[in-house]
Amino acid sequence: MSTNASQLERLTFFSDAVFAIAITLLIIEVHVPHLETRDDQAYWQALHMLQPSFMGFVLSFLVIGALWVAHHRVFGMLVDYSPTIMWPNMLLLMTVAFMPFATALMSSNPMARVPELFYACTLLVAGLLQRLLFAQALRAPYIKPGISSEDIAATRWRSLGLPTAAAISLVGAWCAPGWNNFLLLSIPVLVRAYAAFGRRKALRLQVVPVES
Amino acid sequence: MSTNASQLERLTFFSDAVFAIAITLLIIEVHVPHLETRDDQAYWQALHMLQPSFMGFVLSFLVIGALWVAHHRVFGMLVDYSPTIMWPNMLLLMTVAFMPFATALMSSNPMARVPELFYACTLLVAGLLQRLLFAQALRAPYIKPGISSEDIAATRWRSLGLPTAAAISLVGAWCAPGWNNFLLLSIPVLVRAYAAFGRRKALRLQVVPVES
Amino acid sequence: MSTNASQLERLTFFSDAVFAIAITLLIIEVHVPHLETRDDQAYWQALHMLQPSFMGFVLSFLVIGALWVAHHRVFGMLVDYSPTIMWPNMLLLMTVAFMPFATALMSSNPMARVPELFYACTLLVAGLLQRLLFAQALRAPYIKPGISSEDIAATRWRSLGLPTAAAISLVGAWCAPGWNNFLLLSIPVLVRAYAAFGRRKALRLQVVPVES
Amino acid sequence: MSTNASQLERLTFFSDAVFAIAITLLIIEVHVPHLETRDDQAYWQALHMLQPSFMGFVLSFLVIGALWVAHHRVFGMLVDYSPTIMWPNMLLLMTVAFMPFATALMSSNPMARVPELFYACTLLVAGLLQRLLFAQALRAPYIKPGISSEDIAATRWRSLGLPTAAAISLVGAWCAPGWNNFLLLSIPVLVRAYAAFGRRKALRLQVVPVES
């Protein structure tokens, strides 16, 4: 068991490192303005022009941060892992590593439809891979003893929050490119709603056999 | 308990990785001169022109280094963490990840007021977030047993050093852009003074009930 | 023993970090298009032009990912390490760190022979160094007790998969540059075939003395 | 004690991460040629032009690798650390993080005197800081029990290898810029000679009191 625990730790570690690097690399796609003047007005304007880049940085930082927090929560529930999660995890990391590109494409071409679709698509893929990974990881022999089935159900369900929001944002990108990103603000609400729903459903399932 | 300990370790690890990446990325914003000549004089001049970049690199390295040392000290005092610190920590990391941009903006436009204000502002935000994080982390059930209340008070108080210095530097950036960074040299002094003050205050609080 | 275990852990950790950084840096070689138009067609075309870069990113991500998975598997079998593996490991990491360059060279110059040869060569060197490292690491006093000799034989043999595929791809790069990368799809098959062969051979060796 | 052990681990970890990032960032300073032709000859020539960059990458990879191996060896001898090593360690990391710049300056301007002097100087500073760090770290209460004083002496002495070679290379850079890097090949020899000398000296010191 301790073998698997240390192997799980290393898998977690590698994943953490990729999350940390991708989240930090976001900033190098924000190009530093270099002005020849010392006129304050020119600088305020240059910073104002960078506003889409700043917003993209903050948005993607929060999204990757949320993906990491969820990964952290789920892997904290495990004592072991099925070898089948290795590649779904790797593909999730690939999408995370791809985020700096999708972000920069969107930020460098503000309000353009295709970059917004591309960004929403990247989020959707990340969300679906995360969902797949968590469904495979949170299985019977691998879960820490003492974790209630409601908690597991809530954790599985909450991972639907990101793909749902990303799918809505994808549709929004078609109609109102740029503004669609505000739809992503629904993620915290969706995640909580899904978690509550999953938890209630798990409780109902437990109660049924007792009643029947 | 061991569950939380390992989750705390992973949170610490992820934070360390972001600190380490941000601190190392500082260098890639220093642009490498490429001269067609082999004339020594031309090279010395090119290196001389890079002086603001070198100073920005050293300054930000020391600031991020100090932020990490403080993070290291505080998290070394914990055995567990409140879930409420997750997002203040993430926002602190966001500011740290943003530092290479703020540094490069300042270094590429030496002595210009807006970039200096921007840099001082970034430091101020980092300092305030760090203060908030430490205030939330250093709470009763999460602290390692055996750590004296003076040490905790000193640690909480010393985190006022960076935001104080950053606020002074922000004012200085308005009056004497560029030179204001020398005000940051007061950080070690301020930190020590605050720590001593906090420690004395905690001791006085303990002593009072004994005397009365 | 615990000394060596913690030193092994740190070696593993450092290696993991280099793998994680190299795999994430792949994306910064994909240049973000910046168009002045909002015409959808122009964006689709710009993304279409990036297709070789996307394919290079995915291919190298999978290759570095596979190298990491193998490293993870082998180091999970060890309790200690011979100091002789330090430098083969460092050279393997050097080749991994070099991958972003080889990938970008290939992606920026699609279907050109020399970049394809260069990329296949880099893979071949990585494969041979990995093979050398695993042969030195998987030795008697360093292996965890309880791991069967078949498993060890299978692990040693499977590391021939990458260099074999890379050598075939190198020949293919000469004849059909660009298309040769499809030959790398044989890696999972080759790895499995080699592992099965090694396992069978190890079993036969064990049986022979019994029969004679 | 376990507190300090885990704090030591985190310090080690942060240092490892900076080493790993700096060593991997070396590659992004090697600029990828982008040719419009498919003529093989043009590609071979472009790669040939990159030779100084490749050599710089390999040289700095080996130097940072060697710095990490030494750091790994010394910190593996510790059970605790004096707070006084925190900032020498941070300054060593700063020099390591600076290496990609010094390397790129040298590689982009091959055979030019000032960049070679600059590179040798960076190595010298790194070597001296490492020497200082190890001298402070390898002190009585912090060393693991059971490590012989000869081993400690050898480890302290061998850290003179890099600064000696860097000082020689600095002089060489003045006379024969570019060629001076071959002097760095003496590092493995110097390190071994210093270690043997330190070990012998420690043994003699132990023997003397017995004889007298």
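Odds and ends about this structure:
Note that the chains are named A, B, C and D in the order they appear, and that numbering of residues resets to 1 at the start of each chain.
Going forward, contacts are C-beta pairs under 8 Å (C-beta built on N, C-alpha and C of every residue); 3 or more make two chains touch, one makes a residue touch a chain.
All of these numbers come straight from a predicted model, not from anything done at the bench.
The set of chains in contact with chain A as well as chain D comprises B, C.
At the interface between chain B and chain D, under half of the residue numbers involved are used by both copies, so each side presents largely different positions. With respect to chain D, maximal separation of chain centres occurs for A (centres as means of Cα atoms). Superposition on CA atoms relates chain C and chain D by a rotation of 90 degrees, given as a multiple of 5. Mean C-alpha position of chain A lies 27 Å from that of chain C.
Between the Cα centres of chain B and chain C there is a gap of 38 Å. The set of chain B residues that touch two or more partner chains comprises 13, 17, 21, 25, 28. By the definition given earlier, chain contacts exist for A-B, A-C, B-D, C-D. Taken in their complex, chain B has these residues touching chain D: 12-13, 16-17, 19-21, 23-28, 30, 32-35, 38, 40, 43-44, 47, 57-58, 61-62, 65, 68-69, 72, 75-76, 144.
Residues of chain D that touch chain B in their complex: 3, 6-7, 10-11, 13-14, 17-18, 21-22, 25, 28-29, 86, 90, 93-94, 97-98, 100-101, 104-105, 108-109, 111-115, 118.
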